[in-house]
Amino acid sequence: MSLLVVDNVTLRFGGVAALDGVATEIGRGEIRGIIGPNGSGKTTLLNAICGIHRPDAGEIRLDGEKLTGLKPSEIARRGLGRTFQTSQLFRGMTVLENMICGLHRRTTTGLLAAGLRLRSARAEEAETVERARAALDFVGMGAFADRPASALSFGQQRVVEIARTLIGEPKIVLLDEPAVGLSLNRVAEFDALLRRIRDEKGVTLVLVEHVIRLVMEISDRITVLNSGRKIAEGKPVEVRNNPEVIEAYLGKELRARRAAS
Amino acid sequence: MPVFSRRNVLLVLLAGALILPWMGNPYTLFVGTLLFIYVLLAVGLNLLVGYAGQLAFANAAMFGIGAYTTGLLQVRLELPFFAAFPCGAVVATLVGLVISLPALRLSGLYLALTTLAFAQATQWVFLHWENVTFGAGGFKTPLISFAPLPVETPTGLYFLSLLLAVLLTLFAWNVAASRIGRAFVAIRDGEVAAESLGIDLLRYKALAFAMSGFYAGVAGGLYSALLNFVAPEGFDLFQMVLHKAMIVVGGLGSVTGSLLGAGILVFLLEALRAFKGTQEIAFGALLLVFVIFLRGGLVSVLKRNARGWEEPLRLPERRARLLARPGTASVPGE
Amino acid sequence: MLFSYLLVSGITTGALYALIALGIVIVNKASGVINFAHGELLMVAGFVAWTLHVGLQLPYGVALLGTVAIGFAVGVLTDRIAFRPLANADLVSLVLATVGLSFILKGTARLIWGGKADYLSFPPLTQAEPILLGPLMIIPQQLVVTAGALAVMIAFAAFFRLTTAGKMMQATADNAKAAKLVGIRTDRVYMMAFAVGSLIAAAAAVLMAPLTLLYPDMGFLLFVKGFAAAVVGGLTSLPGAVLGGILVGVVESLAGGYIHSSAMEVAPFLVIMAVLIVRPTGLLDFAKVRRV
């Protein structure tokens, strides 16, 4: 059975269909790339899946459970992680504290236990710190644990953000343009990191990305969106040679060139 | 541990506070009690504004609700202080919870203005619901007694306030260094990211509002007992700015900062007591100057220049465990 | 009879609230900030007018011009002190800075013009008898004030439509980035917004002074009423601010007449809370602060 099912999802913003009957199924352990020209609805699709937007029609299911209509935090607690286009680390925290926040849904300490520093609270806290350090080591950021999050470079913030999402052991992680702004050799490192995440942690990854090279190299399957509609889906090679995809990308480029001249 | 660490400095101050009743005069006792009350207010407000980032202006109103509830239950229903006082705190907490409902739908300026409007509506109720609140003139509350304990009222109230201020400050420190404090800061620094990690906005905003309501309610009950008198003007805009100035001067997002801010502002408040206009200029200017020139408040200076003043958002680890961890090799993305 | 009287006086105060709301809206439109010191600007202007007119015995028209000029200058100062240093700061800082400023103004006024219970009064503009128009009773003073407010609004609209400065403000409000690209100095525009907002507040203060008493604490209430009006009008719409002002004035006047005089004070707060809680999505201008 597929892990994530997007079942004919339609989403309108004031009459304009940002998503128009999009349907796809993502299998367990898959790395799925989602590509498409600007404004084709990629980020909107991610937002619909993680509950920021509520679809006007259609349904989204994770592991057979309906997600549509739940709050983003409830969806996150059901095992769906997410990173964003711009860095969303909490700037007022250290790297380690950011990581511990990723374990929020795995911890249970309540107000009184926390405020009175009961033994249970201390034990849980010690365990989360332990796990957070281990997770930072996994992505090679252990040495930065006690730095303020705002002191990290752009690429480091990206990595920590992904690690923060992973630490809560989600079933699936949606990554929104994780490689944007990274230099080319960083992209290669990133590629390796994402594969390790899938292989060693068994996490399913959904990747919206502009860096086509990364998507082509890493994805098992690719979904192509254009104007809110799915126009192609398949293995990278298949998608690369699909005439409709070429038209969607090149057509746009040609029009842009014509407008510029 | 450095000599001038936060813990050592505060322990010395606490020791001073414990012997003050035998050293000072009635006036210093009064100011001391007032300081503890403002510590409670500043700590509670900082949890809401500094940690959770909710720009709310209802703190003075919740302070007033605590004071009015405590006072009125004694006067109208003849409850003893020690029964009325917890009720005041509970009512203020509940009001805090109610205010948190609009906070879910509103943010930024809209939240600021809704809570400000709520604060003014509360003032209006204090002023005009005369059958219950006695109107603009206010009312006297009974002198509280600590019998059978062998202490006089001012001394008893001083120690009660000190005890509550210490306990609730410790509580706030612990909460700030727990998953709850981190959830507050996460909501402040990025609501969407916080939600994506499974942090429930409704729950934690409500909790922050309720906690600040509780702290303000406790402070209100003590304040009514300290002054022996409750009137609307004790909980007006001036109080609002006073509380805000405390947490900004001390440091937003720092419980320690609340203590510093409360100390400095209470001192100024008393030094300038005779001149309301000067007080307003001083507090307004402090607010403005700190917001512009020292965003982190005084505590940020201490954190930068002295050891032992850090306030991590987690419990301190055993040092041994820290040392035992080997450094890591590869660092991508730098 | 009672209704028509309340209606007319509601429209008069409403016209003044509309001026306050206009000042709030213009600052908000240009800079995205609500100036919490707006009411205090008005209060200070009222006292300045009193000093010029009653203290120095200058004619009302001269006092009006002088006050408006000083209002303009105070607005420029507000921008310099409480807004420009915080151009890149978060909302909490900006709001707290204007709150701080409001208290500085209030304290200064208290030191210069009197203690807490001191009320200064302004002589009436005209002593003429009320005019009866069928069922309508119109007090000439109200007529003069309403006409004055109307004149300020017209001058303001003309400024926006016809002058370069006004057009630049409009362009910046619509799209600050684009305005910057075409060479508009947006920091100048922000300063102009604060200055013009404050100038209108000063004009409102001088018009209002003969109808009310002056005291240092008057600013906040006026700010809240102006803000309620601005919220009703959608916070970025200038005509909306005018309609909202008149609506708040009339509602307040009717509530005072038919319910209880004290209801007048609380009506604008209830309007703010109700509008914001019931229809926050209709007023979404700031909501983008929330979403990434």
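When the chains are written out, they are named A, B and C in that same order, and each has its own residue count from 1.
The working rule: a contact is a pair of C-beta atoms (placed from the backbone, for glycine too) under 8 Å apart; a residue touches a chain by one contact, two chains touch by 3 or more.
Since this is a predicted model, take the numbers as computed values, not measurements.
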What's the chain with its C-alpha centre farthest out from subunit C? A
By CA centroids, point me to the most central chain in this structure. B
Between subunit A and subunit C, what distance separates the C-alpha centroids? Give it in angstrom. 47
For subunit B paired with subunit C, centre-to-centre distance based on mean C-alpha positions, whole Å: 33
How far is the middle of subunit A from the middle of subunit B, if each middle is the mean of its Cα atoms, in Å? 39
Where in subunit B do residues touch two or more other chains at once? 190, 192-193
Listing for subunit C: what residues touch at least two other chains? 291-292
Which positions in subunit A are in touch with at least two other chains? 52, 84, 88
Given the complex with subunit A, which residues does subunit B contribute to the contact? 171-172, 174-175, 178-183, 185-186, 188-190, 192-201, 207, 253, 312-315, 317, 325, 327-334
Show me the residue ranges of subunit B that touch subunit C in the complex, using the header's touch definition. 49, 53, 55, 102, 105-110, 112-114, 116-118, 120-121, 124, 127-128, 190-193, 237, 241, 244-245, 248, 252, 275-289, 291-292, 295
Parts of subunit C lying in touch with subunit B, wherever the complex brings them together: 33-34, 81-82, 85-86, 89, 91-93, 95-97, 99-111, 115-116, 216, 220, 224, 227-228, 231, 262, 265-266, 268-270, 272-273, 276-277, 280, 283, 286-287, 289-292
For subunit A, which residues count as touching subunit B in their complex? 50-52, 71-74, 76-77, 81-82, 84, 88-94, 96-97, 100-105, 107, 109, 111, 114-117, 121-122, 125-126, 128-129, 133, 136-137, 139-144, 153-156, 158-159, 164-165, 168, 182, 186, 189-190, 193
